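Next come two complexes, and both contain subunit A; in the first it sits with subunit B, in the second with subunit C.
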Partner chain A sequence: MSVFAMDWYLIGLLFFVGFYCMLASRSIVRQLIGLEIISKAAMLTVISAGALTANLVLAQALLITMIVIEVVVVAAGLALLVKTFRVNGNADIWRLDSLKG
Partner chain B sequence: MDKGLLAYLLIPLLSAVIIPFAARSRARLADILANVTLLAGLLNLAWLALRPSVIAGGFADIPGDGFSLLLVGAVYLVGLCVTFFSAWFMEDGQANRPAYYSLILASVSAMTGVVTTTDFFTLYVFIEVLAVTSFALITTDESTKGIEGALKYFFLTFPASALIIVGISILMLSLGSLSFETLRIFMASDVPPGPVTFAAALIMLGFLIKSGVVPFHAWTPDAYQGAYAPVSAHLAGIVTKISGVYAVVKLATLLRFFDGRAAALSEMLMFLGLLSIAVGALAALRQKDFKRMLAFSSISQVGYIVLAAGLGTPLAIMGAIFHLVNHATFKTVLFLNSASLEKSAGTTDMEKLGGMEHSMPWTSWTSVIALLSTAGVPPLSGFWSKLLIILALWEAGLRGYAALALLFSLVTLAYFMVMQRKVFFGKKTQAAESAPEVGAPLLAPVVLMSALIVALGLLFPYFYAYAKMVAERILL
Partner chain C sequence: MTYHNLLFVLAVFFALWAVTAKKLLTSAIMLALLSVTVSLIFFDLGAPWAGVFELSVCAGLITVLFIGAVSLIRSDEEKHPEGRARFYALPLALAAFGIAAWFYLPPFLEELASWRRMAAGTTTLGLAIWDLRRPDLLGQILMLASGVFVIKSVFPRRTEK
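The block that comes next holds the complex of A and B.
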């Protein structure tokens, strides 16, 4: 198997793990971890595409920007998690059902 | 990046940085700074596009492709209405004023970035910035509902971002470049599209989730209903439209759907558009909360834009652009009115409200104008955009789609009439007895937007010339 095929095999696996983690768990913390795994898999696709097209410089530049964005997103997500925990006293995603209609 | 419009991105960002320092001891200064920044930008834009010499020349010498200029105008207009409204809506000491205005200006700046960029990666960066500012804005009043809405929004938009990233890297593999222009040239050539359309489909899927089209609409009503009242106008009026729908329309023009090179994607998009028109309208019929009903109505109106974008002919793209602008005007009016109701009567539950027109005549009549425009009653602006979309569908031979779009336009009228009768007409209820009309400053943005709805409808020939120029520039 070529390196490229191995890359994308791993990426597919990581996507599956991430989505499974988001679907199967009730805790918001675990959901955030699942989300992180998904976005790491997405970042791997960028670096793999850069390596394959001999355009690693561009891929690295994109990736560093993505990591910076990722940090901000995680900070926002954790802030929401802390607020939810303070208001509701738990971090259970299935109990968020006050809005419906 | 379109250099001509870069200043509209940088100046609000600068203001957003200055506000927390300048307004540390005097919170009122934050109101003034935010309003002045946006008003100055709006006047500048009006000068750029509406000078007599530019109108006489058929809008030939405006910068860029005209589409970005129009949407920057819409962003500034809605931003100004929301900041002006919140300057009087917020009670002292209730929320952190400097942070709130900083975030609004940062989101205006990010939206300007989204509409002026010319490559997919910059688009992605600005969309993430916009998403992060929206979460913070939704939770402004720190209520349980706001946090819940923001959390649902968070967990649906970030998987969508991951899809966009995968699409971007497949585009890198197959096309070698991320600029819009390369994709347009590629789609105009005879090379088999293959993986490029796959990449475009992944990117489009991400943006469809972000715009709340029907199979992915779960977050939309919750986020709009839970958000802090003026923020829901900002969010529904412009933020989700720019972060999702704009990109879908842009991709539709880049993929040249009218050529039939990406026919499967085009059909899928049209189907999803019609589905969200239907589901949004039918779900809005049975809502009990005013804001939640408006949110479902928003899903339904987004459906019209997506349907037109999926068709992709120049006439349909004109309709989509015009409906995008109209949606910004009428949804801002309706959501700001719901915020006024919340401030005055203390609730947005339609069962508890009733007979509000006796005590709040201005709010009632601006709602009537906005809802008639949404339903597409001539001569208001919404009529023309829906007419363009339905004509384009008819012209392309899709009679069934055209008939269904027309039918659900009637359903729109029905649910808005039910709303108007329950909330504003009829006998006064207990909540209405003690509800005075809100002050003139809170009415000013709503009246301005209503005047704009009427004006866009009556001055349609001028706008038609502009939209035609835009559609020709971005398609050909």
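The block that comes next holds the complex of A and C.
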């Protein structure tokens, strides 16, 4: 197996951990942690592909955009968590059903 | 095992720890360690700018945000802890996925790597960001503005009636 295939195999494992966390957990914080892990796997894939094609410059420029978006998503998610916690008194995604018809 | 592969294995280990940890604070700290490991991988792959951003923003800012949020909801977490059985099954599920992927994934990945097209010319990062990807910068500024707007609309100023 080449170096890049081995890297991508381990990135696949990292992705699986984040995916499992988002599937199994009911807490909003753990959902966001799973999202973070998945986005780390995506970032590693982008930089690894950049290194493979000797195009690290564009990969880094793309990655900086990704990091900014990730920060905004996490900040908005945590703000929603704090708001939900103040309104409902818990951070359970299964109780977010006040808009249910 | 080389230093490079060791860093990847360490990243998977920290991710596993972050997911299976009982306390949310431990999860947040393990997430920070995962970010540090990922930034070390970036340095190792020859992407120092990405590594610096990852280290300062993901390992720094996001960890602070997580720890702040966790400290706000800690009382509820201690009162109603989440069921752990599904998380203790994660290493088993990961092992099953890893063994299955070891047989099925590498041929696909090798084929994927064979499709590569080498980059035409080399530029500097400054040129790439400020000239080639200038629309991205506009998008980033709009993204940050929308994030600020979301937080402002989630926590509105209370008006006295």
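Note that in this section the second predicted complex is superposed on the first by the 100 of 101 C-alpha atoms of A that agree within 3 Å, B and C clash if a C-alpha of one lies under 4 Å from a C-alpha of the other, contacts with A are read in each partner's own complex, and residues count from 1 in each chain.
Everything below uses one rule, namely that a contact is a pair of C-beta atoms (placed from the backbone, for glycine too) under 8 Å apart; a residue touches a chain by one contact, two chains touch by 3 or more.
Owing to the predicted nature of the structure, the values given are computational and were not obtained by experimental measurement.
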First (subunit B), second (subunit C), both or neither touched by A:9: second
Of subunit B and subunit C, the chain that contacts the larger number of subunit A residues: C
First (subunit B), second (subunit C), both or neither touched by A:69: both
Which superposed partner A:24 touches (first subunit B, second subunit C, both, neither): second
Which superposed partner A:48 touches (first subunit B, second subunit C, both, neither): both
Which superposed partner A:83 touches (first subunit B, second subunit C, both, neither): both
Overlapping contact positions on subunit A, where the subunit C interface meets the subunit B interface: 43, 48, 50, 52-53, 55, 58-59, 62, 65, 69, 72, 76, 80, 83
Residue numbers on subunit A that touch subunit C, as the complex places them: 1-14, 16-18, 20-21, 24-27, 29-30, 32-34, 36-37, 40, 43-44, 47-48, 50-65, 67-72, 74-76, 78-83, 85, 89-91
Interfacial residue positions of subunit B with respect to subunit A in the complex: 121, 125, 128-129, 131-132, 135-136, 139, 142, 144-145, 147-152, 154-155, 158-159, 161-163, 165-166, 168-170, 172-173, 176, 221-222, 225-226, 287-289, 292
Residue ranges of subunit A touching subunit B (in the complex, touch as defined): 19, 22, 28, 31, 35, 38-39, 41-43, 45-46, 48-50, 52-53, 55, 58-59, 62, 65-66, 69, 72-73, 76-77, 80, 83-84, 87-88, 93, 96, 98-99, 101
Residues of subunit C touching subunit A in the complex: 4-5, 8-9, 11-12, 15-16, 18-19, 24, 27-28, 31, 34-35, 38, 41-42, 45-47, 49-50, 53-54, 57-58, 61-62, 65-66, 68-70, 72-73, 76-77, 80, 82, 86-87, 90, 93-94, 97-98, 101-102, 105-106, 109-110, 112-113, 116-119, 122-125, 127-129, 132-133, 136, 139-140, 143-144, 146-147, 150-151, 154-155
